[in-house]
Amino acid sequence: MSANARSESREAYYAQIADENMAPLWESLHSLVPKSPQPQAVPALWKYAKLRALIMESGRVISAEEAVRRVLVLENPGLPGKSSLTPNLYGGLQLILPGEIAPSHRHTQSALRFVVEGKGAWTAVDGERTTMHPGDFIITPSWTWHDHGNPAVEDGGEPVVWLDGLDIPLLRQLDAGFAENYPEATQPVTRVEGDSFARFGHNMVPVRHTSTNPTSPIFSYPYDRSREALDILHRNGELDEWDGVKLRYVNPATGGWPMPTMATFMQFLPKGFKGRAYRSTDSTVYSVVEGSGTVRIGDRAFEFDPRDVFVVPSWQAVQLEADSDAVLFSYSDRPVLAALNLLREARH
Amino acid sequence: MSANARSESREAYYAQIADENMAPLWESLHSLVPKSPQPQAVPALWKYAKLRALIMESGRVISAEEAVRRVLVLENPGLPGKSSLTPNLYGGLQLILPGEIAPSHRHTQSALRFVVEGKGAWTAVDGERTTMHPGDFIITPSWTWHDHGNPAVEDGGEPVVWLDGLDIPLLRQLDAGFAENYPEATQPVTRVEGDSFARFGHNMVPVRHTSTNPTSPIFSYPYDRSREALDILHRNGELDEWDGVKLRYVNPATGGWPMPTMATFMQFLPKGFKGRAYRSTDSTVYSVVEGSGTVRIGDRAFEFDPRDVFVVPSWQAVQLEADSDAVLFSYSDRPVLAALNLLREARH
Amino acid sequence: MSANARSESREAYYAQIADENMAPLWESLHSLVPKSPQPQAVPALWKYAKLRALIMESGRVISAEEAVRRVLVLENPGLPGKSSLTPNLYGGLQLILPGEIAPSHRHTQSALRFVVEGKGAWTAVDGERTTMHPGDFIITPSWTWHDHGNPAVEDGGEPVVWLDGLDIPLLRQLDAGFAENYPEATQPVTRVEGDSFARFGHNMVPVRHTSTNPTSPIFSYPYDRSREALDILHRNGELDEWDGVKLRYVNPATGGWPMPTMATFMQFLPKGFKGRAYRSTDSTVYSVVEGSGTVRIGDRAFEFDPRDVFVVPSWQAVQLEADSDAVLFSYSDRPVLAALNLLREARH
Amino acid sequence: MSANARSESREAYYAQIADENMAPLWESLHSLVPKSPQPQAVPALWKYAKLRALIMESGRVISAEEAVRRVLVLENPGLPGKSSLTPNLYGGLQLILPGEIAPSHRHTQSALRFVVEGKGAWTAVDGERTTMHPGDFIITPSWTWHDHGNPAVEDGGEPVVWLDGLDIPLLRQLDAGFAENYPEATQPVTRVEGDSFARFGHNMVPVRHTSTNPTSPIFSYPYDRSREALDILHRNGELDEWDGVKLRYVNPATGGWPMPTMATFMQFLPKGFKGRAYRSTDSTVYSVVEGSGTVRIGDRAFEFDPRDVFVVPSWQAVQLEADSDAVLFSYSDRPVLAALNLLREARH
């Protein structure tokens, strides 16, 4: 048979099997089983200085109550229309104005809130409110009631912006999303602020605590304590050639990730740091807390300044440089990769 | 402002933020965070009797060597063009003819092979070959060299068809796929058939065995043993109102899943069994080993016969009825849901 | 002060503090915190050929019913009066005659039964009876009702002897022993023989099985299957210079030890095997199943023959030699040492 | 046969089997397998006010250097000559005077130091020194080099007394003790004070930390932080009827016990608290930090005041009453019982 004839006969066969909802693997094997990851997500950076006016403008476009959550979703240019920064992770900048409430609900999606600007707003989880300050890392765990609020201007309220990090795209992929609204705008406060931190935050836990819930029972990790740890380690001379000084947040009841689907990190880069290149199969979203510098991701380079957000897709080499002492917060889907034995890393 | 004016002003704002790769969460919140899973995958059944001729035809369309893997991919009608049965799982029917070789390679995707028809072909993993019989459940673990072959007709070879189950769509979602070809068509045989089963299959393990690999060190679970276990339990009166008699395959070195991304099960339904409805956030693919009956999935009903394949999407109620003693093999993404604390079940 | 005067003054001080239930650490530090383990247990071997008549004689001394358990306790000569083979482990030879019952009770002590001679007796655990054959390894887990029996002579009963291995000394040390008698001599039989093995013995487990109990749900590990695994591995050329071919029994639901306090092993030594010396902080009791040879333990050497029992204390070098193909069963307190991060091994 | 004759014949048999190092189980079964724990250890309390002079006197009896560790061992009156407070646990009061060094060594025994009186002495572990204050809980993990010292009087040194808690009796039982002396009196200081706490104490851990060592990487848990947690919880209304407010110390890298063999706790009892009775199979040693009250243990009652030490044997009911706000530190062998599935508790 000539190549043409064979090709035609194959096409006829393909049409026939297509009627039975079947397709020939051999035509797509190489793309289905690639030599190495081929992410559609691309490296990108959002410049806070440029976006700030638009974020504040959202406060005039819609109220927090009407929006439920007034968030500007950051969309990876390689994943248009998917409300995704990476295949598994969502990121957005949420604004809450003095006197506003973001009403109470719960969902199986896990969420983190990393405070970018402003202070004094609160997040309530399971009957306890925590006050938010820039650099605080706060979680609203899967299937827990949560709401946010901000005191009125006369009580010291000011606009507060935080980065929302959720596993929305992952749960869509897994068809595992459930959600409910709380009957009231805010859940009742039943515990004093600091209660869960007192129970679990001091390297001690309640004597009869047992739980199979993998999510951290601490829901606020204040910036001053994280910053202090980085400071001490930096002063002690700790400095990794790739990471600078980098810590990961843990669930103090297990030593594991704060949430089962998202890892979170904070790292310090001293002025003049020029990190070596590193890559990994987790995809990472960074939020700049302090300082300026340059990040190289694959063949792209971005200048970063405080409050900027940038994203590193899977298996893209990343390299960090600091023009001044810098602090970076980041979150990734590492727990997913690790749980499925699919985490690979390379340090170059 | 009138509703119209507000709407127009919002659209203008949306266009402005779109330029910055941002989108308003409040317009998509309900679809991003649904009340319950909204799978795009649909219930479906592939009738083996109808497909068999097409499968055999594939042997004339392309050689195993040219195809690398001569597989007809089963595509969920709700996920067209995605080579997926469910969001995370791939399934396909592979044919290997007497005298053929499917050449050796390895990839991070985990694979299972469930033998549907024919016997005497072999699968090689890590230097050991196992002979395949109908009903055998065989794995080719993540990142292990594997190849398949079939003796020549004169050596007793006959056409063999098996169901391939892989986590290809999941790894694409995770951007975690790596692959390599082996330099030769077949890897060298370095261990006698039965070696890994002797090491791990008898409720004993080598005294110095330690491994952090979550995948089972047994790579063949023969049908005669699984069938015997179901028989004994059925004779002992074990009968669950939802499941009949249902066992899950385990990694004998850990008691966990055979592979980190896919669970596998075998169940017996006695003649006349009318199971109650059940649903779960894992998506499941079934292969009928013996017997006939009806499966109701959501609002659909399908008659099933031996070698048929059917798929149950996330959170769709499934109900099994048997017209004769029936045996069903199934695989699902349950380990993924379980690892991420997202497995929900309901028995109605 | 002269040395004498100082010594006298110290003695006076020691007497004074003794009145307050205090003692000077510095006088005993070296023995309390030794450079390496100083076991009081000594190597020893019990020659079955010599003991058999005495064991059978016990059948005339007392009935199984009066004795509750008619066992000759093997006492380590270095631990007189302690009913111990090692600090943590008890061993004894139990005789049950045709027509006898050893009445039902339960206790927190874990027990293993390794059949030495005779067949057809049964052990009942949790409503299921298992028939005992030489070489079978059977467990009666902590806090489960268990009883033993032997058919009458006319029903084929014959005297049966097994080695009992328990953690009695460990539980005495831990003050954690609880016990209860069952109201009847035998518990009701509620499950068919083989039920638990069908559920858990075939590298599958019931789909809804969950348990926090670390003890194996299989309570009989038949000799023919263990022997077959050793055979296959030996034929495949597996031979460790220290161990020969050695497997450990596992709990198939976890991959862990069959019981939380005792590890069990079976190993094959081919004729002419001269093993290298090994030591470990677990203490081990061996029962010879087949074959003859020599075991060197520390500076002692013992000839062994089928059914002999010998004991290796902590940190004593052990070396095995086989004059004919030999099979050894053994049990040790390794899970205790491992759980407490105190297991050390050295291969010389 | 008459009862006498039978008894004589049995004795003759017993003598015969004794020659073979065997004993009749049926004569000792009831004591070997008791209905419930029969601890030899007894409840006891050491009155610090009464002992203080004797402790200080030890400083004149022997130097820290000569003693290696100048400790008055607290001996349970029920376990005379065994240097034990409970079957598994050792306790002693260690004095270190200004200018003294307790030389560096390591051993497989795990140790805790709970500071009772005085401040400013240091404990060094793995190249880092920590300064000791009353109420601090400090560990010197298994097989880590450790030494202690106290500044000279002119540098502010004062006599410091701490309670040593070790698993010495357990390791003797397990024949698992190894020890070594460091070639110098003190190990070199290679890390700044606070380094390990900065790495692991702030609910964060180094990003590349992996360890299979179950012992906490934090070696000092300062009293001010533990006390603060208890305070907050008490103010929030937390009050268990048995325990008051009770926290257990954790290894922040795992959420598990600080050491694999010993659990540690700190609890607050408000003035007027009358706790209900509780018992457990772990044996516990208490050290009073603040306040006075009464403890009932079995049928004994003891008044307690600051710095007193008391011991609760296995399965003895304990009941705590406070005459003033009280804080108690305690340690027990709970991890051993828990690891072996032998922990039982009852709340009455």
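In this document, chain identifiers A, B, C and D correspond to the written order of the chains, with residue numbering beginning at 1 in each.
Simple rule for what comes next: a residue touches a chain if its C-beta (ideal position, glycine included) is under 8 Å from a C-beta of that chain, and two chains touch if they have at least 3 such contacts.
By chain, UniProt protein names: A, B, C, D = Gentisate 1,2-dioxygenase.
In this text, all values refer to a predicted model and were calculated from it rather than measured experimentally.
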item	value
Touch-network distance, chain B (Gentisate 1,2-dioxygenase) to chain C (Gentisate 1,2-dioxygenase), counted in steps	1
Most distant chain from chain B (Gentisate 1,2-dioxygenase), judged by the mean position of its C-alpha atoms	D
Contact-richer chain pair [A-D vs A-B]	A-B
Approximate Å spacing (C-alpha centroids) for the pair chain B (Gentisate 1,2-dioxygenase), chain D (Gentisate 1,2-dioxygenase)	52
Distance from the mean Cα position of chain B (Gentisate 1,2-dioxygenase) to that of chain A (Gentisate 1,2-dioxygenase), given in whole angstrom	31
Between chain D (Gentisate 1,2-dioxygenase) and chain A (Gentisate 1,2-dioxygenase), distance of the C-alpha-averaged centres to the nearest whole Å	43
Touching two or more other chains - residue numbers and ranges from chain B (Gentisate 1,2-dioxygenase)	none
Touch relationships between chains, expressed as pairs	A-B, A-D, B-C, C-D
For the chain C (Gentisate 1,2-dioxygenase) and chain B (Gentisate 1,2-dioxygenase) complex, residues of the former touching the latter	191-192, 194-195, 198-199, 201-208, 218, 221, 225-226, 228-229, 232-233, 235-236, 240, 243, 246-256, 265-267
Parts of chain B (Gentisate 1,2-dioxygenase) lying in touch with chain A (Gentisate 1,2-dioxygenase), wherever the complex brings them together	9-10, 13, 16-17, 20-26, 28-29, 32-39, 41, 44, 46, 50-51, 54, 57-58, 61-62, 66-77, 83, 87-88, 90, 92-93, 107-109, 142, 168, 170-180, 213-215, 260-261, 281, 283, 313-315, 333, 335-337, 339-342, 344
